[in-house]
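First subunit A sits with subunit B, and in the next complex the same chain sits with subunit C.
On to the complex of A and B.
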């Protein structure tokens, strides 16, 4: 397939780098300030070197990438809330041209699910977004396999930064601020960590899951979610939990009735108490029972794997 | 799709019972002594009641089911070793008629993989066998998604009976024979438990995994596997392990170089130390990292879910 990669953060970069080895060709790559468009195939290494040198992935206009010759648009710009722009317009541009769109960006799927599906219905192209929930962990593929209608709910740890902070607080008896600073030093937390530690990121993933489970009968956005983060969690809460053989994790829950995210007590050695930056999802399904899936829920190469699996399904 | 269900144990029964709710129709159902064939659609409840009453699923000849009007043959007869009969011939009959075959039966995939793939190449039908490894746990779908060529190996607990025995021995300090008798009372172990406790069942699943990873470059059968069971494991070994924060699990390992199954020390609270009859598989993949998948690896309804997911992929 010919790919237009929009967004050159860790995920977009990895998709572009891996595309060739998955049998695909990048015909356009764009960030917010530049692009390289080449219908005979972009020299990905050169474009990424250009970005490292100049900050832009090429000298073409980013808008040219949307008009380029491609089969699948890869939407890997940062997740934005509310109108989910500019990601939403990128996906719209692809679908209106009857091209496919594969999203790593959670925004359009969490905030404008109904519109996205409506655009897809009017297009010969399809929308896929497995990479937006849990990176390489096959959460959405597994829900599809067992049938969304047979899944009663999904719960789990869906943000690696918050999980790292809670794991470290529990294991070392350290305070939140201390561990957060450490996580920032390690690059596990961003300079502004609010998206992760306030539960927004986990909630967006759960909103996407709820939208998939509801299958159009209801539509959810972030504003429908009940979200509590870990910022105000005292170390003493973790100590009390440990005395009882339990610990605290930031747990997201999605059903076709709604979304909740917040710190919850879980068994210290149970399947939800994953360590470090790992994520885990438990899918409760009729017949199949409870399936637990864990792995790296973020990261450029990991998430790129899910993007390219989605591209493969379009083939 | 029109289904011919061959084999009416727990899996075949559940597939037949669920087929309608998954949008399929059973046009033939057969066990070793009888069949019901009806191109307008078998009355599944009546056929299963007939089996409960008489021991046979109908008064037709089982051979008639193979010649029936169907799109997908579901091979759910018991796993046999060596020539993998009669399952292999059932699948061959389907492929030679350019029909699809979906296997829950491990035999043909573990013991005659090359022949199976050769028959598939000469047929307009496809062979699928996700249900043969790990029941409802999406082990093979996940390997496909990340790409078999990018998976370095799979390891895990792939037999629930052996895991139940080891879990109980460790948790209660009971001897093997005592726990096995208990498992037999509960229906978790068969009267002759050797297939499970000697590691054969786990080894067959690993052989299938190795065949998938090797992708035709090498072919494995059970005779290539190094297999050790849990029959001779003394309770003292579990006690010693526990003193060190570890426990023992029957671990299967598959790579494209080979297959090993045997009791192994694993961290007591680690992801491989699943409890009771649960199964778990760890897939190590380039880019995606380590993915851990756990759930019910056996059981009629659970495995039927995987069979019907395979049927859905043929649609």
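On to the complex of A and C.
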């Protein structure tokens, strides 16, 4: 497959780097300020070196990447809320040209699911977004294998930053602010951690799950979700939980009826109490019972494996 | 049907409500009634006559005991001594009392409240929860502020009748919101959004 990689953050970069070893070729790569377009195959190392030196991945116009010769557009720009731009227009451009689109970007799938599916119906290309939920963990593939109609709900820890903060507060008896600052130093939390600690990121993933479960019968966006974050949760709450054999985790729940995200009490040694930045999802399936999947829910190389698995499924 | 279905199938919705006091308990009475007109009224009269506050009546439609009787579960609020009288009077009236008072709070759920939960407020809060949530608070643990500017927390274990836990937690959520407290709810085993 010939790939146009749009967005050169940790995920886009890793997809471009791994493409060759997965048997694919990058014919265009673009960030917000520049692009390299080469139908014979982009020299990925050179393009990434160019970005490291100059801040841009090449001297071409980013718009040229959308018009380039490719089979699959990889949408890996930052997640935006509301109109989900520019990611949504990138995907639209691909589908209107009857090309496939694989998203790591949650925005278009969470905020404009119906429109995205409508564009797909009118296109010979298809849309895949397994990488948008749970990074390397095959949550959506498992739901697909079980059959979305047989899944009554999904719940779990879907944000590694919030989980790092909560698990470290519990383990070390440290205050929220202290652990957050630590997480920022380690690069686990962003300078502005709102998206993670206020539950928005986990909620977007749950909204995507709810959209998949509802299968068009109902459409969800972030505004339909009940979301509470972990900001300023006191250490005393974690202490009281621990005295009772429990701990607190930021739990997201998705069903056909709705989405809820908030700090919840879970058994201290139960499957939902994953440590550090790990994520876990529990899928409640008819006949199969409860399936628990855990692993790395974020990270460039990890998420890139899910993107490339999606590309592989387009075959 | 020998009795009014509108009442019978309203499990979990109190027929009447009142504030409980320290002297008031809530009890479940399990009865077996003959499938005859007037049976339910006969069973409820001793409760009313003794000042028992009827919280709910539960009957699973179509369910019969092996002897063809109708199992009915009644939740009653009353002082403990009155409750004994209620049970005695029920038996005296020929009502088949299978079990009394044992199964009222068969499910427990833990919540943590975060915020200004100072002692005085807490006891008022607890009585509100007990009177509104159809639950008893059977365990309370409170932390003092740790001097790091973080608010205090309280852990409550609520015991509620089977099937009433969700309602009890929802009530706690409402009460906590009014008191400007955060609630960290237990994720129940089958719980989903």
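As a convention for this text, the second predicted complex is superposed on the first by the 315 of 315 C-alpha atoms of A that agree within 3 Å, B and C clash if a C-alpha of one lies under 4 Å from a C-alpha of the other, contacts with A are read in each partner's own complex, and residues count from 1 in each chain.
Just so we're on the same page, a residue touches a chain if its C-beta (ideal position, glycine included) is under 8 Å from a C-beta of that chain, and two chains touch if they have at least 3 such contacts.
Not measured: the values here are computed from a predicted model.
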Clash-or-fit label for the pair subunit B, subunit C on subunit A: fit
Touching partner for A:291 - first (subunit B), second (subunit C), both, neither: first
Partner chain(s) touched by A:221 [first = subunit B, second = subunit C, both, neither]: neither
Touching partner for A:240 - first (subunit B), second (subunit C), both, neither: second
Partner chain(s) touched by A:264 [first = subunit B, second = subunit C, both, neither]: second
Subunit B versus subunit C as contact partner of A:79, first or second or both or neither: neither
Subunit B versus subunit C - smallest C-alpha distance in the overlay, whole Å: 15
On subunit A, positions contacted by subunit B and by subunit C: none
Residues of subunit A touching subunit C in the complex: 152-153, 155, 175-176, 206, 226, 228, 232-237, 239-241, 243-244, 246, 248, 251, 253-255, 257-260, 262-266, 272, 284
Residues on subunit B engaged by subunit A in the complex (per definition of touch): 14, 18, 22, 136-138, 141-142, 145-147, 268-269, 271, 285, 287-296, 299, 301-302, 304-306, 309, 312
Subunit C residues within the subunit A interface of the complex: 110-112, 114, 141, 143, 145-146, 148, 150-155, 182, 184-187, 191-193
